[in-house]
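As written, the chain order gives the labels A, B, C and D, with residue 1 at the start of each chain.
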Amino acid sequence: MDDATTFLNADPFSKELGIKLVTSSPGEATLQLDITDKHLNSHGTVHGGVIFSLADVAFAVASNTSGIPAVAINTNITYMKAASSGTLIAEAKEFSSNPKLGSYIVEVYDQERQKIAVFQGLAYRRSPRRQ
Amino acid sequence: MDDATTFLNADPFSKELGIKLVTSSPGEATLQLDITDKHLNSHGTVHGGVIFSLADVAFAVASNTSGIPAVAINTNITYMKAASSGTLIAEAKEFSSNPKLGSYIVEVYDQERQKIAVFQGLAYRRSPRRQ
Amino acid sequence: MDDATTFLNADPFSKELGIKLVTSSPGEATLQLDITDKHLNSHGTVHGGVIFSLADVAFAVASNTSGIPAVAINTNITYMKAASSGTLIAEAKEFSSNPKLGSYIVEVYDQERQKIAVFQGLAYRRSPRRQ
Amino acid sequence: MDDATTFLNADPFSKELGIKLVTSSPGEATLQLDITDKHLNSHGTVHGGVIFSLADVAFAVASNTSGIPAVAINTNITYMKAASSGTLIAEAKEFSSNPKLGSYIVEVYDQERQKIAVFQGLAYRRSPRRQ
């Protein structure tokens, strides 16, 4: 079992939502979620918190592929289109990384490859101090 | 039953997470969530998606108190402190509003009033066109 | 003279900063700025407001290539590396666009193609109402 | 001369824009700018880069009042109203601070106290390592 799968298996909220790993490689990750009724908001479309969480988990997987634990410190999301059924896909990609900070862009699509949201994430690495 | 309660009752994902209304007034809303195991991430602290969702729902309630339906188009969150047990509280307040856009700040605290996160939300109102 | 050049020539603050158009096409724009002493901050590196403004103008050019005037309503920038001399380049690209909103990502590089900052912009189009 | 004045005097870009300190105290700062023609965009209103820069400098002053140098790593701004003449005022206030990160909210007003923009800033402190 690879690191990304291990990481995701240890994350109760991802399981609760039904978020699944599609692929991951250094600095990148693709995840997906099958929309069910519990994911909806009062308009009958997927809740912003669900779209955010899918993007956030893709960001977490991508930013933890380096082996140095990273925690999210800031994220920003723009919602462009509502989604109400089918599968959502989030693709995370590193923009830039240094020993302390990592910056990622995540794009969220529906199954017809329509653009749902774009997410920017900043992670802080608690790298070990040099002796 | 007031509008904010009606709004929240119609929101399946808020129910799923256990988000509850504390108070609301025009342009403002306070919500809370009791942390349980399903809300945690792989570090054993509350998942960023849960903290975000609580803030996002507070923003949604505050931005829908005007009677004109508003949808989130952009949100930004900064995480300052991890939380792992107890109750989280989100307080949303309108910064500014015009016929098309509403801007809100949401502060998230734990039950000891420690600052967990700060959230900025922008909502778009699909106001009816003048005849 | 193309639209992007006309747009930029009519923008006093861009001129003041020395921002120049490199190329533009529908939904895209590349701009540059030669760093001089007036662009610096108290640390002797390029001021965050200058890096932001370069990215913001690239976003403005890219979001105004469609012919429908667009105004910025939200922007977010993450700074990954300081820059102190040479030329900065900003590349803006549309993520998604609909009749009301346009979402853009802008990457800022120095002349050695090192990643300086990443910017996310949301524009609102005051499209004419259908009769 | 206090620390905030010294900080601002050492910042060439702030001088270039005409940004002035009104007041500062630990974790807070108020700055202002008199709008002139060079601050405008192609619509004849104050350029987003100018409003941003004013907010950003207020954030920089507020986050450097602690004595530990802080650098901006992420900022987010929502524009609610255009401004074209008079004086702009930016009020920065700390949301939360720890040894590594500081989070700030900045509100921008015109001289009639109309709300122009709201800004969220995250600063990273390169605190000295314990011996």
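In the analysis below, a contact is a pair of C-beta atoms (placed from the backbone, for glycine too) under 8 Å apart; a residue touches a chain by one contact, two chains touch by 3 or more.
Just so we're clear, the structure is a prediction, and the values are computed from it rather than from any experiment.
The two sequence copies chain B and chain C touch through a face in which the numbers common to both exceed half of the numbers used overall. The pair with more inter-chain C-beta contacts, choosing from A-C and A-D, is A-C. Each chain's centre was taken as the mean of its CA atoms, and the one lying most distant from chain D is A. We define each chain's centre as the mean of its Cα atoms; on that basis chain C and chain D are separated by 20 Å.
Annotation: 31 Å between the Cα-based centres of chain A and chain D.
Chain A and chain C have Cα centroids separated by 27 Å.
In chain B, the positions touching at least two other chains are 73-74, 76, 78, 101, 122.
Chain C contributes residues 7-8, 10-14, 16-17, 37-43, 47-50, 52-53, 56-57, 60, 69, 71-79, 82 to its touches with chain D in the complex. Of all residues in chain B, those touching chain D in their complex are 74, 76, 78, 80-81, 95-96, 98, 101, 103, 105, 107, 115, 118, 120, 122. Looking at the complex, you find that chain C touches chain B at residues 73-74, 76, 100-101, 122, 124, 129.
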